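Here chain A shows up in two complexes: once beside chain B, once beside chain C.
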Partner chain A sequence: MNIFWSFTRQAFHNTAIYRFEYWLQLVSAFLMMYSVYWIWNILYTQRPGAFGVELGQMVTYGVIAMALESIFNPGQGPQMYISSQIKSGSIDTDLIKPLDFHLHMLAKNFGEISFRFGTIVLPAALIGFLFLDLQPPATALNGLSFAVSLTLGYLVLFSLNFLLGMVSVLTIDIRSIAWTYNSLVRFFAGQMVPLWLFPGWLGGLANVLPFKCIYSIPLSIYIGKLTGAAVWEGLLFQAVWVVVLMAVCRLVWAGVHSKLVVQGG
Partner chain B sequence: MIRVEHLVKEYKQSKRKDGPFSAIRTLFSADFVVKRAVNDISFTIDEGELVGYIGPNGAGKSTSIKMLTGILVPTSGIVEVNGIVPYKNRKEHARQIGVVFGQKTQLWWDVPVIDSLRLLKDIYKVPDALYKRNLDLFCDLIELHQFQNTPVRQLSLGQRMRADLAAALIHSPKILFLDEPTIGVDVVAKDRLRTFIKEINRDQKVTVLLTTHDMGDIEKLCSRMMIIDRGEVIYDGDIELIRRKYGEYRTLVVQFERPIADFDVAGAELVKSEGTKKWFRFNRNEASPSELITQIGARFPITDLTVEEPEIEEMVRSIYEGKSVDAKVV
Partner chain C sequence: MESLRIYLKLIRISMQSRMQYRADFVIGIISVLVLNAVNLGLIGILVSRFNSLHGWTVWDMVFLYSLFVLGHSIYSLFFWHFNQMDDYIIRGTFDQFLVRPVSPFIQFIGREIQYIGFGDVIVGLASFSMAYTHLELHWGVGMWLFFAVVVLSGTVVEMAIRWIVACTAFWTGRSVALTFVMNRFNLLVQQYPIDVFGTWFRVVVTLIPIAFMNYYPSLILLGKTEHGWSWLGLVSPVVALLTLFIAAIVWRLALRRYASSGS
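Moving on to the complex of A and B:
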């Protein structure tokens, strides 16, 4: 656990250097939250009752989803780091460390995420509560389950990102794949549009894919769209995916390591 | 300490297609050529040795180092370092070795050196006392304190290399792998790096395997040298022997006013002639450059001249072509 804390400290040192970027991120997070707030307000005036939940719930869902963008942005995951290390050949310097590569990437990414959670998501959420009518969690139990669910969601996203990073070991470049992947994640995770608004077969598909672990389940728990047994089902669904994906990551890495080619000298 | 037997590493290299739409066709099916980077090499290195590992670019030096450090998995053969098979127990192995890649840095680019060292301390679980002792040692030997608070991206190359050495040694490893540790570094900084490596080897009994293109590194540091070319070890043995045999030749390059016919000079051999330039090879124990210059200058007007020292690559080539230096040749 110590190592997770060390990487968080390192992320702090790393990011503290680019203060301007930090403020830009905070401002852009707030702008996105504000847009979502207005979109739902307008849609609810046009067609009240068409979206399955109260306006307050929907705004809370949408605004928190936007605040979480700064930690869940698939463009900043471990796959980008792995891909750039592979491209420059610097992956050696990661492999000479006495760390399991998969856990090393997790610790490193978790460090960065915790740092951004504390410095961007929390302040952004605070602004949301003050100015954008954010509601507290539906019940105390929902709040607690939300925290657990968010962590599980993070692990699912990390694993998917890591697997994409493994693709980059073989193809060297993943920029074009990454773009498609990012849109897929955002769409099927229900970041912009909650999954319960998806029509028929699309909703069915989204319901079995692992992406909904990232935004949809935690946020549905938070706003109380899921209650009682449904909360436990959601958490179980996430836990199963975490276990499966973690195992797949470890298998794939073992295979990839034996085929690894290091670029340059 | 290090045992390598019949080690082989093959790469699959994708081959580009020729002809129309080659780039598009490559997307659908790729042809591969198998390239043998390391071809059946064997050697052992004892504890406390400081061995130079040299050879031309693409000879397979870095690939072997990467197999010894557990980064690459060999195609076949045995690698064992201090009883550990690197690629099987990479984590455990990483604790007992230190690695410096001259061309890359393992330090975090944006943060001060000391922050990187602190993170490495946590990663390697270095006890506080040892960490402090090592930092003191680095301050003494490579003046770490002068740049420990500077971000890595602002360091000079010489400083960065010292910082990387410090990073590789922070956990007091038993074995140190140095892949071109003096590349691109100026003379003064080079000297400092060499002294440091030498002292670490002597005082802390760290076994060192070093690759380089700089004959100076080998001369100043190593007693034993291994030469690798085209994936094979072609020489493994005493450095004195090879230096006596090949290191004593110099080449005198003379530029004349106008093109002249080839001629003989006592004590030197004409090896190349091109336009107004001629190359004379001589043994520095048998002839002195000043004598040669007087001799040549007396006959033809000279406009410019230089004396070239043999490059490692040249020695390697002469060994490779000759293939027999002594009975010691593998």
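Moving on to the complex of A and C:
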């Protein structure tokens, strides 16, 4: 817990230095929220109540998805740090720390993300409530499940990012691969276009991939698109992916770690 | 002419150093293709599910997208290096451009051909020809000429805006965040007709003239003249030159500022 706080503090210091940048980030978050607000409003005047979701719900889904981007943007993940540490060779300073590397990355990333959640997502959501017709969670239970689901979604994204970071051991430069990866996340997570709009086989594919844990499940719970047993199914789906991906991360890291040690010897 | 010769020489050198990494080149192009396929795929799903967006069909929007990408592709090939400007300023390595007897501008943009731009060229041409076929457009010579002018104006507009944004680093030290916000505006204008987003958005992207890259000219090229704003499409080249002029002035001020802060 202590190391987690130290990373949050560090994120605070970094942001305090570049205050202008902070305001611009808030502006760009608002810009995206504002634009999806308009897109859904216009689409719904053409076809009210489309696909069993009311306009208010759809706007809420879209606006929160954009607010969350500042923490769920894959560019915020640990993979860039890992990649740059490997490229410069300073990964050894991470390895001599008396910390498990995987947990260390998780604490570091979670510290930074929590800080961004408090300083960007929450103010952005507040602006959404005031100006963009954002609705509260469908029910209190949905709100509670949303919080759990969001955390599980974060853990899925973190694991995927971590695995991408592991790729940098093989290829050094992961920038181009990261682009492709980011695109896939953007497509299959249901951030801009919710998965229930996906046609046939594409929808089927999106529904088994882990990406939907990131935006689609938490937000569908929030707006009440998922209720009752479907909420539990969603949370279970996420939990299974978290366990599987965490295990894969540990295995891959164990493999990579031993290889690094051999090279160092 | 002399500067053109030097520019071409610099470009050849940067190309050669780039081509050392073939694999990087291929992966880069593929990732651009995937990125754009995802963008277009999302727009396609969204708009086809609702038949149209504010009177724009899927193929209208692909056209809008392609027009932006075509203009952007030339910018991205030749002028991408502007995005690196603040790096030089932070590290204090910008001096190298001032001590040689060639225009700093030529030296600076001669640094890099952004090979990823080839991906944009492919995406632009492919999406444009698909949209052109599906919309069953039949342009005469005049329309094609106008189209060519619009694409080049788009390049100039984006290049000038990025140039100005890069120059802000001379005053603030960093232009990353501003670049980031600009990217957001670009992406919105590239993907959606701006009449969707209400008045103030239209005012902003008309003043920062991104909307002249694709939206206003599209109204003319697609015959959407009932929009009332379509005449603005005709002045695209004028707006482009004006923006370029402003950028050149800002550049001059920036250089003077850098020189004076060095002492």
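Please note the rule applied: the second predicted complex is superposed on the first by the 259 of 265 C-alpha atoms of A that agree within 3 Å, B and C clash if a C-alpha of one lies under 4 Å from a C-alpha of the other, contacts with A are read in each partner's own complex, and residues count from 1 in each chain.
Please note the rule applied: a residue touches a chain if its C-beta (ideal position, glycine included) is under 8 Å from a C-beta of that chain, and two chains touch if they have at least 3 such contacts.
The structure presented is a predicted model; accordingly, all values stated were derived computationally and were not measured.
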Which of chain B and chain C A:S183 touches, first, second, both or neither: second
Which superposed partner A:R19 touches (first chain B, second chain C, both, neither): neither
First (chain B), second (chain C), both or neither touched by A:F7: first
First (chain B), second (chain C), both or neither touched by A:T93: first
Touching partner for A:H257 - first (chain B), second (chain C), both, neither: first
Overlap of chain C and chain B interfaces on chain A (superposed complexes): 18
Chain B contact footprint on chain A (complex, rising order): 2-3, 6-7, 9-10, 13-14, 17-18, 88-93, 95-100, 257-258, 260-262, 264-265
Complex contacts: residues of chain C adjacent to chain A: 24, 27-28, 30-32, 34-35, 37-38, 41-42, 45-46, 49-54, 172, 174, 176-178, 180-181, 184-185, 188, 192, 196-198, 201
Chain C contact footprint on chain A (complex, rising order): 18, 20-21, 24-25, 27-28, 31-32, 34-35, 38-39, 42-43, 46-47, 50-51, 173, 176-177, 179-180, 183-184, 186-187, 192-193, 197-199, 202
Chain A contact footprint on chain B (complex, rising order): 11, 62, 66, 69-73, 87, 90-95, 97, 99, 101, 103-106, 108, 110-112, 115, 118-119, 122-124, 151, 179-180
